[in-house]
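Some structures are shown below for you to check.
Next come two complexes, and both contain chain A; in the first it sits with chain B, in the second with chain C.
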Partner chain A sequence: MSKSLLRKLRNALIVLFGVSLIVFMLMYLSGDPIALLLPMDTAPEVAEAMRESLGFNDPLYIQYFRFLSGAVRGDFGNSLHHNQPAMGLIIERMPATIELTLASVLIALAIAVPLGLVTAVFSNTIIDYIGSILALIGQSMPVFWLGLMLLYVAGVKYRLLPITGRGTWQHLLLPAFTVGAYTAATIARMLRSRMIEIMQQDYIKTARAKGVRHKWIVLKHALRNAVLPVITILALQLGTLLGGAVITETIFAWPGVGRFMLQAIQNRDIAIVQAGVFILAVSIVFINIFTDVIYTVLDPRIRYE
Partner chain B sequence: MKNKTLKMLIKRKTALAGAIIILIVVVSAILAPVFSPYDPNESDLNKRLLPPSWDDEGSSEHLLGTDHLGRDILSRIIYGTRISLLVGIITVLLSGIFGTVLGLLGGYYRGFLDSFLMRLTEVQLAFPFILLALAIMSVLGPGLRNVILVLSITGWVMYSRLVRGEVLLLRELEYVKAAKALGQKNGKIIFGHILPNVFPTIVVVGTLRVANMIIAEASLTFLGLGVESRIPTWGSMLADGRGYITSAWWVTAFPGIAIMLTVLGINLVGDWLRDVLDPRLKTS
Partner chain C sequence: MTRTLFNRNRLVILMLVVVLIFTGCQAATEGDNNGDDTEKVLTVLQGVDPTTMDPNMHSETPTANVDRQMFDSLLDQDDSMNIVESLASSWEMQDETTWKFYLRDDVFFHDGVQFTANDVKFTIERIQNPENNSSQIGNYSAISEVVIEDDFELIIKTAEPYPLLLVRLAALRVVPKHYIEEVGQETFASEPIGTGPYKFERWVKDEHVTLVANEDYWKGSPSVKKVIFKPVPESAARVMALQAGEADIIVNLPPHQVSEVENDASLSVGQTNSTRFIMLVFTTKNQLVSDVKVRQAINYAIDVDSIVNNIFSGRATPTAQPVANFDLGFDSNLEPYGFNLERAQELLSDAGIAEGIVINMGSPSGRYPMDKEVAEAIAAQLGSVGFDVNLSFEEWGSYATNTLQGQQKHDVWLIGWGSSTFDAGSTLDFWLNTNLITAYYQDSNYNPVLDELLNESKRTMDDQARESLYHQVIEIIHEQAAFVPLYQQVDLYGLSQRISWSPRPDEIIRVFNIDWNE
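For the complex of A and B:
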């Protein structure tokens, strides 16, 4: 366990260093960071005084280390718009985004596993064709369009579910389905091809020859092995899910980090953008390490030694 | 060979359907002025939010209805194909070339360069793609050129990692070792011997990535940080329609269907290409 995990942790540290560098550089992409902090019509002498007071005249590496030491303590400065610490504002909204992401993972799995299973078991039949086309359509729909259409059909036309806000499970259903649809389609397609591959393996043939019931072979022998890569796909899809959450939160007025960050981007509130991007990237790095560990626990063939 | 490939395409109906969709989209983009019934920016406030022609309140003059400024939706969708294809193809070319070259170099030379590139890709993969693109766009400002730039910068990682993986296998093969033993220069080995063998993988991934880039451009534009609003694009049409979703569904529905069909077409052809050119990618 130790060596490989330590190597992964070392790599994660390097990645986190890179993440901090990119987040820091965001401010300098426009050329002059002061331009992002002050209104366009600010007098040059006021801008210069602010540049000096905020340390923007210091060498870049000093500015970076100042930024890094703040980032490590969760200090990204104050939001221009809210005049409060940016990190605190992001943390306040994290539970809503975590709730939405987890719900979308559950919905994605609830759709993908049966769909992948059925299309594999009935491969090359009409059931497979319909299921596969559904999965392909799911992969081809832009998240925000699906969100808008669900909002119109389920929220406005038939008034089945609430269309904005957060509170009950009903509020969660439309946005979570919107975020999870693409991942559901991706997992269903992957699961189908894995299941078809596994069903041709020798140990499945042996089980059949021994007279094990077909249902048992599919659920116990094949699915168990096919489901493992789902975890990897889910981890890889996390960025997509969080990206989807940014747009979906905006459509359904979901009070999470995504919607808040988009407002910050539109207001050019750089401290919020930096804090949000940083915390989401760090979360992804740690979830990836966690996934690696879970994977080794679940799959006896992979062991850290 | 070409005839054989064509026959295979025709045989696989889903791929053929995809190819037909792509053909329609490409022809629409090239011949947009011929096919569109109206100027995409021509507004007629007397004909605001007209439903599609088959609706009781619709008009036969506007097949898919009109938007909030009375602009013809069909014409705007036809012109919108131009931006979608342009962004999709250029970003895939730019990020594909950049990522491939880095992947080739990292995989072939290994060592520090490889480790550095791999960490770089991991850094980039730690950011949700659309979020990073949005953050950069917010600083650079909206515009077609910036969209292409940002999507190219954020899109190279996929190619780099895939190509590097392939090169690690290829560099150990006999023919590469033989070329080295014969004293061929590294550049000749990388671009003359290894690249042609990696090319099918790049074509498959590149094709599928065009679809992703089309959606990414539409997403950025939808959020107000993409292509300028004066240019008709599918993303801006969806953004316009959002405010009228409760009263005029068609303004949002049709551009979305256009995106979905185009992406579906590309995915169908991409899947087929993958099976033909690089079956090993099938499970990934």
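For the complex of A and C:
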């Protein structure tokens, strides 16, 4: 266990290094941070002086190693546009992103588990058809369209919920639902097909033969086995969402990391992008490790291997 | 046994998550402007959050919109962009490089400390200090010395005659020397104090900035007592927030949503000519557009009126020059080429351009209102005179970088431009002066003349003389079709009927000038 954990951490470090190198190169090759900082009609010699004083004229590898030596000490440098430490700026925006992520996952589960179960238990009936169509719609609806429609209906037409900002559960509801809808649909479909498959297994037949009640067969014997792939999807989704649900955050003016990173990318504010990518990579690594642990709890077979 | 354990764990996790969410929800509920009737709050929605509260360290309009409420500038510009008094009540030019300023003696910072000439000197030198990496450093590099005569009189010297000094000083937001020395730059950038009509109250990053009225403001107490700036990046969401009564002013109202806002009885549309204009630039070192006839043909081939009417519903002003109508140097007598298909075809055949020749065109997408639609319309129009248009859209960051580094390779490409000095000089210099890498117009016959005119204008202190130099430049580039000037933008705002306010061409919202209607 501890050996595999160490191996995972080592791999994570390699991934982090690779990611930071690629991001650094892409950012530098595609635009000049100084050009995007100064007003367009600034005299070129002024821009040049600033480029020089900030070290942007040094060879790329020197700039990268300067960044790297700071980063290993936890210093990602100052944001050019905000004149503040980049890591602090990212961390300030994490609570909003975490809040949105957790809420959307809760909403997704609250929709997906009943939907997946019902469509599986009543497979090939009208209930299944309706449920499956709902799931298909949820999966294929573009996020920006769903977001804007929700805003229009709940915010403008019926004035039920606020349109912008963060602070109360009313503010959270629409963005969380927008993000959660897709996850819910994916999980529901996955759960349905796994459940249908499992219900054909021999041990389920055995349970039936023993006279276990149908309810318990579904909830205890089948669901527990069907839930593993759901955990995988959830973990993947969590990782993605912690990087910020960019479109949703933009539409709902949600003050999270995604929207902030997008702006930083557009401004070539490299310190912020690097700090953000670092946080994201670390959280994905930890989620993966955490998922592995959950697997062993849920499925003893994995523990014994 | 395992089942109950498992259930209990699940329950604990679930509860943890719920607790987490609701603790996260406790903060910042005061952002809303509904409810409390005793204190009306003005809400302004912009596309992005300010990057700093330090007015000397950025060059962004959305950020300036917030800091301009808290700080006064040494001079100011009225709604027609004329220089007027502000913290300096009068000034005189002693010689071509020496200016004397007389400061008001009744101005106090928000902490009660009096504003003096020391603060002005401190502000200028702070921007000039390369260690501070201020993006405004270029605006004040002409100033060679600031001499304090006494608390309310100071001399500003420039190394050479510098006609733009007063405009630059009208953008100089004066910061408190004593406060910054006491708390440091970083604290100042998040908890600022100034002399302006509003005091800083709270900034929750990417959520809102809240300012409250400075009742002791030297121009009088503001009628709006509290103002909140919120970033809402999606323009459709800004419009919906306005419709739902969550906002009083929204910026960058999309042209296609104007009628929707106009049709709502509780809303109105504010508009003004922007200082920004949109044009096509020719890279004349490319063979195809090195011929003046081809450039003129392209000018004739583009139907700007149709673009303005169909894409902007008439809310843009066709223009004949790369200069906005507020800028010194704008030639109001100059007429655009106008749409003339026959003339275009004639010129192209004169130039020996065969049907189906490929022209490379570039444009950003999403940087200016409807830029993508405009570029597509132009591509179609160029296609109708026989060009095979290869139109590519680029991400703004690399597009801007290429532009500034003289690396744009397209034959013709779209860009928006505005002078930050209200003077045609910086714009014309940028695009035409062959000392700069951005001189995309290259013609051995005309470049020497243009260079001479532009260099002379930089030394010319007299506004009228400078204007006539600019007119000569504009005449040449018009005749030589160095650009395709398209239209001057109109800034559109969505407004609630609760307020009366008219927008300014420099895009700065002066909350001090806003009154409640009710």
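Keep in mind that, in the parts below, the second predicted complex is superposed on the first by the 260 of 305 C-alpha atoms of A that agree within 3 Å, B and C clash if a C-alpha of one lies under 4 Å from a C-alpha of the other, contacts with A are read in each partner's own complex, and residues count from 1 in each chain.
Definition applied: a residue touches a chain if its C-beta (ideal position, glycine included) is under 8 Å from a C-beta of that chain, and two chains touch if they have at least 3 such contacts.
All figures in this text were calculated on a predicted structure; none of them were measured in a lab.
**Student:** One more residue to check, A:22. First (chain B), second (chain C), both or neither?
**Tutor:** first
**Student:** Return first, second, both or neither, reflecting whether A:152 touches chain B, chain C, both chains, or no partner chain.
**Tutor:** both
**Student:** Where does A:268 make contact in the superposed view: on chain B (first), on chain C (second), on both, or on neither?
**Tutor:** both
**Student:** Who does A:277 touch here: chain B (first), chain C (second), both, or neither?
**Tutor:** first
**Student:** A:49 in the overlay: touching chain B, chain C, both, or neither? Say first, second, both or neither.
**Tutor:** Only chain C; A:49 stays clear of chain B.
**Student:** Would you sort A:95 into first (chain B), second (chain C), both or neither based on which partner it touches?
**Tutor:** Only chain C is touched by A:95; chain B is not.
**Student:** For A:166, using the defined touch cut-off, is the partner it touches chain B, chain C, both, or neither? Pick first, second, both or neither.
**Tutor:** second
**Student:** Please indicate which partner A:240 is in contact with in the superposed arrangement: first for chain B, second for chain C, both, or neither.
**Tutor:** After superposition on chain A, A:240 lies in contact with chain B alone.
**Student:** Should A:37 be classified as contacting the first partner (chain B), the second (chain C), both, or neither?
**Tutor:** second
**Student:** Following superposition on chain A, which residues of chain A contact chain B and also contact chain C?
**Tutor:** Comparing the two interfaces on chain A, one with chain B and one with chain C, the shared residues are 30, 36, 148, 151-152, 156, 250-251, 265-266, 268.
**Student:** Would you tell me which residues of chain A are touching chain B in their complex?
**Tutor:** 11, 14-15, 18-19, 21-22, 26-27, 29-30, 36, 136-137, 139-145, 148-149, 151-152, 156, 190, 193-194, 197, 239-240, 242-244, 246-247, 250-251, 258, 261-262, 265-266, 268, 270, 273, 276-277, 280-282, 284-285, 288
**Student:** For chain A, which residues count as touching chain C in their complex?
**Tutor:** Answer in residue numbers: 30-32, 35-44, 46-47, 49-50, 53-54, 80-84, 89, 92-93, 95-96, 98-99, 102-103, 106, 148, 151-152, 155-156, 159, 162-169, 171-172, 220, 250-253, 255-256, 259-260, 263, 265-268, 297.
**Student:** In the complex formed with chain A, which residues of chain B make contact?
**Tutor:** These residues of chain B touch chain A: 119-120, 122-132, 134-140, 211, 215, 218-219, 222-225, 238, 241-242, 245-246, 249, 252-253, 255-256, 259-261, 263-264, 267-268, 282-283.
**Student:** Per the contact definition, I'd like the list of chain C residues that touch chain A in the complex.
**Tutor:** Touching chain A from chain C are residues 3, 9, 17-18, 20-22, 24-25, 27-29, 31-32, 45, 48-49, 51-52, 54, 57-59, 130-131, 133, 135, 137-138, 141, 185-186, 189, 204-208, 230-234, 236-237, 240-241, 243-244, 246, 395-398, 400-401, 403-405, 417, 419-421, 426-427, 430, 436-438.
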